[in-house]
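The chains carry the letters A, B, C and D, assigned in the order they are written, with residues numbered from 1 in each.
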Amino acid sequence: MLGRGVWSSVRQGLSRGLSRNVGGWASGEGRKVDIAGIYPPVTTPFTATAEVDYGKLEENLHKLGTFPFRGFVVQGSNGEFPFLTSSERLEVVSRVRQAMPKDKLLLAGSGCESTQATVEMTVSMAQVGADAAIVVTPCYYRGRMSSAALIHHYTKVADLSPVPVVLYSVPANTGLALPVDAVVTLSQHPNIVGIKDSGGDVTRMGLMVHKTRRQDFQVLAGSAGFLLASYAVGAVGGVCALANVLGAQVCQLERLCLTGQWEDAQKLQHRLIEPNTAVTRRFGIPGLKKTMDWFGYYGGPCRAPLQELSPTDEEALRMDFSSNGWL
Amino acid sequence: MLGRGVWSSVRQGLSRGLSRNVGGWASGEGRKVDIAGIYPPVTTPFTATAEVDYGKLEENLHKLGTFPFRGFVVQGSNGEFPFLTSSERLEVVSRVRQAMPKDKLLLAGSGCESTQATVEMTVSMAQVGADAAIVVTPCYYRGRMSSAALIHHYTKVADLSPVPVVLYSVPANTGLALPVDAVVTLSQHPNIVGIKDSGGDVTRMGLMVHKTRRQDFQVLAGSAGFLLASYAVGAVGGVCALANVLGAQVCQLERLCLTGQWEDAQKLQHRLIEPNTAVTRRFGIPGLKKTMDWFGYYGGPCRAPLQELSPTDEEALRMDFSSNGWL
Amino acid sequence: MLGRGVWSSVRQGLSRGLSRNVGGWASGEGRKVDIAGIYPPVTTPFTATAEVDYGKLEENLHKLGTFPFRGFVVQGSNGEFPFLTSSERLEVVSRVRQAMPKDKLLLAGSGCESTQATVEMTVSMAQVGADAAIVVTPCYYRGRMSSAALIHHYTKVADLSPVPVVLYSVPANTGLALPVDAVVTLSQHPNIVGIKDSGGDVTRMGLMVHKTRRQDFQVLAGSAGFLLASYAVGAVGGVCALANVLGAQVCQLERLCLTGQWEDAQKLQHRLIEPNTAVTRRFGIPGLKKTMDWFGYYGGPCRAPLQELSPTDEEALRMDFSSNGWL
Amino acid sequence: MLGRGVWSSVRQGLSRGLSRNVGGWASGEGRKVDIAGIYPPVTTPFTATAEVDYGKLEENLHKLGTFPFRGFVVQGSNGEFPFLTSSERLEVVSRVRQAMPKDKLLLAGSGCESTQATVEMTVSMAQVGADAAIVVTPCYYRGRMSSAALIHHYTKVADLSPVPVVLYSVPANTGLALPVDAVVTLSQHPNIVGIKDSGGDVTRMGLMVHKTRRQDFQVLAGSAGFLLASYAVGAVGGVCALANVLGAQVCQLERLCLTGQWEDAQKLQHRLIEPNTAVTRRFGIPGLKKTMDWFGYYGGPCRAPLQELSPTDEEALRMDFSSNGWL
């Protein structure tokens, strides 16, 4: 039960997590995986010739593995998944599975435009080690993506997925917000466990928590910029690009929220907003990867058509971190 | 206790407020009025023939005066100010001043499209009793409303206003969000005390609090739908249409936030989201006024071109309240 | 000959116009005024101290009066009408009436936010000499401006207006396009003669012409950038900011369209697009007024909060004219 | 030379087309293919079990081959290309090549999100018979798709493509309009021959024609709704979903435009707007396929998540055709 004492139950969820069969979904009992916690959406490292650099990927994972994350999201929007072939997508998931600590969750982004392709990718990702699938809304035909169409899509995927499904709404990339009524309907599916919502509309997030309160359904913030506010309205964690470079700080913010140290949480949240915007909306993945280089990870180049930052942009990026005391 | 630190300091602010010259702006000392708290944006009652019904206005104020509001906003967007003549605008402010409790603040919306008209309206409203002016962004020429233009506009108004100025950003009506950089610059003006932000972007609100932390500058949420989240990121109150009908509940939500009772605050916030959306974005002022009729106030008709609700809409409005236990 | 049929009938319309009681609406017969042709939306000149400069206004009109315009639009968006008092609005119309040639039409923008205020302004403008009223959509409560609300608004205005009414849709300013279904309904009103559509969606314009083909209803393009295309789909003229500075050229474009010289029309249209964008969307009224100064008219300052152009912007504005051979 | 006498040169282009080496791009001479004319964007037929139905595809092509189209677009947005595997994409192109008349052009949509994948798909499509590649803007990272990024992307594709490249801007699907400055720069590439622009902004189309007038660069309208207006501003043809069902009528509209019969063109254009909107923006590919069933083609189901029309929608679709005399 998520309900009694929101924060205490979340904390219990976290501690309960240790004794659970993490990543296993016991379909017979209708139990769902608890996804509460912080996740970095892992970037995909490329060599100078734009090949996936699996070695660097593993090195990054080893470094990231030292933080108290709940797990890792692979092939969220920051993973450049639209630029990967199907086999690269699976190989990346497989490598991350091997490189990451055993007690953490691996949420793999398996969304494709067609329902059938999404089902196939979801099954394949489960086979190579994903604990859950995180499925972005199809979007190319957004004008026809009614609640009915999206409910049909996700229901089919969840019906056929061997692992739990996490909905994923990211309007900045898709031009489409998964409607709340669709979320509420889908929350009743035994194999749908939650949503990653990157839109930043906290009223909507609170409403989703409220309307799904009788389901085992969890809401994750899709960005560190509104993480504190999301906890305040009942979210249980976040998938935060910023955690790729300020992992300790994002986990600290989680802890401050979960232990009710709101004054300190607010101060920390404030200092994370500009860096977070810099590595997401303002400078995108090129900004995130550049910052990773600064913070001891391998960022490296993006695949084209994503371009590297101009010197001016790079300076502004640095300022967004330094002016908040992080560089 | 959850509430130490930020919230206790806010409470101190509130109690300190009692000994201050509330509503008076001691320009000699550069002290600013403390606007922390909850405000209903008062509606303008009309008769069946679309005349302003000052008697009903006063009756509503007497009823609203029993709640622990910090004060009243007159001629926010819910006051149908674009439909009032200049003399009606002033007469409404004057009547509210007389009808409301003496110890509360009267924030009067004085925004016009031109800077000169805004200055004149602001001065006049101060003369008829406004404690502060709440000034919406000009918007008809939004394509030219750069930060520079808006800084110029607000600076001029604040320079010439005998009462403190509150910025007002309401993109749903204006198609324009007052840029954060303009807010930060304007926060340094000795006669600008805060902003009412109705956009619902809590990342932006947190950033404004953060970047103005060295100024006497306060952020108010412009809607009850994200009030809890706004407190969490450092806002100090809200101007909430919903407070016209659920005044006790909105004030209770404030108290729960200020005393750190986050679990109860979250539950209450959840139950207020749908009713709040119903009387704002979904059904607008006609919805708010209809609900006022249900809750013992005088709502009455809107001025044209605003239309009354269809029976279907009215039923949906009622459901948004009843399904959350308010009707 | 390219121009037979549609264009010849338009020309017949123009010549028929000479024998009609232009500007008078013979309600008994249900006859409507013919508004086909080109109109500059007159700017409002201000002195250095932001007073309306009626002398300069008259001088501009005398110069503009030499072109074969169908008439003048006063207090379209380019007239800074939101910055004028009610009495200034009427005085401007009165002065233009006196300064302009007797055989031309005066379309006066009488839109206000409330239906009642719009009715009153429309009646007053007719009294000071407007041949027709051009009524912008109310927009502050755009979320409630359904087709039903807008039909109600315009019907009331048209019922009570002593002069014909022209609908006015300008989404760049209002954030609202008058829906086609509302236009079709309103086209049946005996006192509604057409629409000025500034949105630039030529599919929509063609559809309006098509769906109102059985009514006496005319469509005017709201900008010179899509004037040729508008004629091609059945519009009968345009209200063109650019005609304030390139009046001869815009009239020449009209003539080329009406006489079926499409090759030359296209070449001329092409050379007008960048200058037109410069004085409208790109640099707004400050750009238009600056260009008027260059072309022998009085442009002068705008009222605040509109700001004058930066030197960089002014250079870009000049380039948009010079690169097309106009400066 | 496109220039002298726009319409006459286009007509010459059409007649010249018969003697040209259609589909061959003589790189040595820098000659480009002439893409002027009308193209249906071919739909991809599926069986009841969602397999590509190549037989039905060929049948449709045989029927469509009787109209005077310039050629066929395969895997434009109406081809459901995001739902096809890479091998399906190629097989469809190959089958269309075999089924279509030899003297027509095959423009194959080869756009992918990454530059590298787009290059590979373009090369492969040329190998299976595409005369030119039509390349949609990458869009998932639209926030980073600056002019510079898009110029880099298209330049790389055009450098490496064995067939000419047509740019493709379709903001309804991508949330992104290819900026005019990028189009102008790219028009100078010897292997980029034109743009299919589906945005419907005819001012923009005219500007593109104007700014590329010194290049061998052609503009195609991306929809039948603004086809006449596009010809008027200098476009040389269109890729029109409606041509899949009203092929004769769309070709007739072309002919009326090219022969200067503007009155008849306008009347025909008017009657095509609602049917066109119905099979594009209003009801999407499900609407187009349903209509194909009515008009003697094989429409059939879409791949999920696209849903079939509701009975109500189907009735509205039928009305959009019948009210204009097409059913």
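Methods note: a contact is a pair of C-beta atoms (placed from the backbone, for glycine too) under 8 Å apart; a residue touches a chain by one contact, two chains touch by 3 or more.
None of the values given here were measured: they were computed from a predicted structure.
Trainee: Which chains are in contact with both chain C and chain D?
Mentor: none
Trainee: Using the average of all C-alpha atoms in each chain as its centre, how far is it in Å between chain A and chain D?
Mentor: Roughly 37 Å separates the two chain centres.
Trainee: For chain B and chain D, let me know how many angstrom lie between their CA-based centres, rounded off.
Mentor: 51
Trainee: Would you mind listing the residues of chain B that make contact with two or more other chains?
Mentor: In chain B, nothing touches at least two other chains.
Trainee: Connecting every touching chain pair, does the picture come out as line, ring, star, complete or other?
Mentor: ring
Trainee: Quick one: which bits of chain A touch chain B in the complex? Just the residue numbers, please.
Mentor: Residues of chain A touching chain B: 5-7, 200-203, 206-207, 209-210, 213, 223, 225-226, 228-234, 260-264, 266, 269-271, 273-274, 277.
Trainee: Residues of chain B touching chain C in their complex?
Mentor: Residues of chain B touching chain C: 50, 77, 82-83, 85, 113-117, 138, 140-146, 148-150, 152-153, 156, 172-175, 281, 284-286, 303-307.
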